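Below: a set of structures, written as structure tokens.
Same chain, two partners: chain A is paired with chain B first, then with chain C.
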Partner chain A sequence: MSHDQEPDHDHEPDHDHEHRGHGHDHESHGHPPGQRHPFQPDLEDGPYSWHMALTDAVADLLLAKGLITADELRRTLEDIDSKSPALGARLVARAWVDPAFKARLLADVNAAAAELGIDAGPIPIRAVECAPGEHHVIVCTLCSCYPRLLLGAAPDWYKARAYRSRVVREPRPVLAEFGLELDPEVAVIVHDSTAELRFMVLPERPAGTEGWDEERLAALVTRDCLIGVARPRVPAA
Partner chain B sequence: MRRHHDMGGLPAGPVERSEHEHAPWEKKVDAILRLLVAKKIMTLDELRRGIEELGPGAYDELSYFERWIRSIANVLLEKGVIGVHELGLAIEAAEARRAAAEACPKTVPAP
Partner chain C sequence: MTRPRFRPGQPVRVKALFPPGHCRTPFYTRGKRGRILDLVDVEPDPEERAYGRPGLPPVPVWRVVFAQHELWPDYRGPARDQVVVGIFEPWLEPLEDGG
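For the complex of A and B:
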């Protein structure tokens, strides 16, 4: 089936659903959607858009066909909620205190994460290490590839046109917009992610953190530090 | 020739820094995709190809997860995993279910 038969070409994306779906008994079609839906509607979400209905419809069909189960869906949603930049921060903090771990992290992020009990997913992630005179930043110019299975969802701006277009051409002004002013002698290396290879930035350990434990160090490492649009900073005492 | 999604290096305005928390339906789209990929029913490359085939208008006007679910639905239709008729019915059923759930608290049936 070709995509010109896409189901939605004659609907406005947010069109009102009031006039549709009434007066039908879908169960009488021998049609399972609606029988096994595992979620209560979230009435607080605001208007139920056509794309929300499409999402529920696709899920209902996959459930009805037994291609996915309600339990798998629930567990996947839990997994999505469990991932956050804090996991990346733990890896960075361990790397800062343990040079052998750092070497393993640079060799294979996914395996190093597994050492800490973190499932970073099946897609390889490469850590790129900042050093004096060398700063790294990540992007996905073609779409939105990001180590989501480790760090959680990418920020909206990472997926938007301005960042994707500009950071590869003029990284210094873009970083300056984020408040990161780099000295001219610092090289900026931009990494363009793909579906097969994702990146995370291993920032430099800030001065003034000697003797800190991992938990305290990890608290310095924000999501933006792991993308490379910020550097860890020791809060003023 | 450069296609519309291939925007690396092009001029663009300032980075818009506002962010939003993902809505439950957006997480559901993400969960559906992860399960389909894990079960090898579709691939990430197919997701991206489906998004690129939405064309420049949809690419720029739809929200991120609106693009995703459209691509997912189109890829599943293309592969025959789901049918266009049953998808139409399922959308109507989802909308009817939602309308009923919204009406429910307000309507007490007469005895």
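For the complex of A and C:
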């Protein structure tokens, strides 16, 4: 509601809005009084790209021909959006407490995920295991391949040219920029996803987690640990 | 199906080819020497599929390990640092051991 419609509105310059329960001062926003905040653009206000048109056209055709239903399309999108690094963290935590599961995870991530009721999708995923003398990190230099059906959407920096071009060229300075300084005795092994294979990093279990249950362990394994630009860390007590 | 022609541990070289169009062999590996890690799979050839063709018979894909110092002669880092890349078999040629 506009203040000007209030019959008892007081136009005194020192008028205090606080008494009406407004939590802010209209005169201190850096734009002239009476002018509204610029709106955040709606999604439709961006350019309608060729690929957006293609996506819409294919979806419309699939629906019009009855090959899929609108509900199936919606459920699939919902399912894709429901994936998150927490699923990868569950796999890592189980591997840390169960050596037989770890062996199965290293052999076939998708099958190991299915054991925990996680659908990791049809594209095979390989786990690369960090060890005391060996650190692994993943990238896709050609585009932005990522195990998204397990871990959800990739972070923007993973898709950026800077990360993709630099991490295969100078991984140690890149990792240092992420705050991960590695000793020269630790080999850095970069995995470039160029074929129909995706990767996740199986990090080392941090010291000081002896006796922890899987849920507590999983909380240490973040998205960046699964990409290999960070290591799981026990929070300071 | 094409029978895989390499074995894990075998030294290989990526062909120094620069064809136009779609391929999955990163530029930084072209002409570089590496070692076969393992067979990923056999996959329809993406260089054919990119143009709407089926890409059959499927092509073996190998994970190849490259030393960073081989890829980047000015690499500043330990000799054990490596990059592992999936390479489609037609891009690979065998090297003599120690080659």
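The rule is simple: the second predicted complex is superposed on the first by the 174 of 237 C-alpha atoms of A that agree within 3 Å, B and C clash if a C-alpha of one lies under 4 Å from a C-alpha of the other, contacts with A are read in each partner's own complex, and residues count from 1 in each chain.
Criterion: a contact is a pair of C-beta atoms (placed from the backbone, for glycine too) under 8 Å apart; a residue touches a chain by one contact, two chains touch by 3 or more.
This one's a predicted model, so the numbers in the text were calculated from it and none came from an experiment.
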Touched partner set for A:Leu197, first chain B, second chain C, both or neither: second
First, second, both or neither for A:Pro132, with chain B first and chain C second: neither
Touched partner set for A:Pro124, first chain B, second chain C, both or neither: second
Touching partner for A:Val188 - first (chain B), second (chain C), both, neither: second
Residue contacts with chain A in the superposition, chain B compared against chain C: B
Chain B versus chain C as contact partner of A:Phe178, first or second or both or neither: first
Touched partner set for A:Ala59, first chain B, second chain C, both or neither: first
A:Arg169 touches, of chain B and chain C: first, second, both or neither? both
Touching partner for A:Ile68 - first (chain B), second (chain C), both, neither: first
Contact residues of chain A, present in both the chain B and the chain C interface: 141-142, 168-169, 192, 195
Touching residues on chain A, where the partner in the complex is chain B: 1-3, 5-8, 13, 17-18, 20-22, 24, 26, 29, 31, 33-34, 37, 39-43, 45, 48, 50-62, 65, 67-68, 72-73, 76-77, 79-81, 139, 141-144, 153, 155-157, 159-166, 168-169, 174, 177-178, 192, 195
Contacting residues of chain C [partner chain A, same complex]: 24-26, 28, 40-41, 43, 61, 68, 71-72, 75-78, 80-88
Residue numbers on chain A that touch chain C, as the complex places them: 124, 141-142, 168-172, 184-185, 187-197
Residues of chain B touching chain A in the complex: 5-20, 22-25, 27-32, 34-36, 39, 41, 44-45, 48, 50-51, 53, 60-66, 69-70, 72-74, 76-78, 80-82, 84, 86-99, 101-102
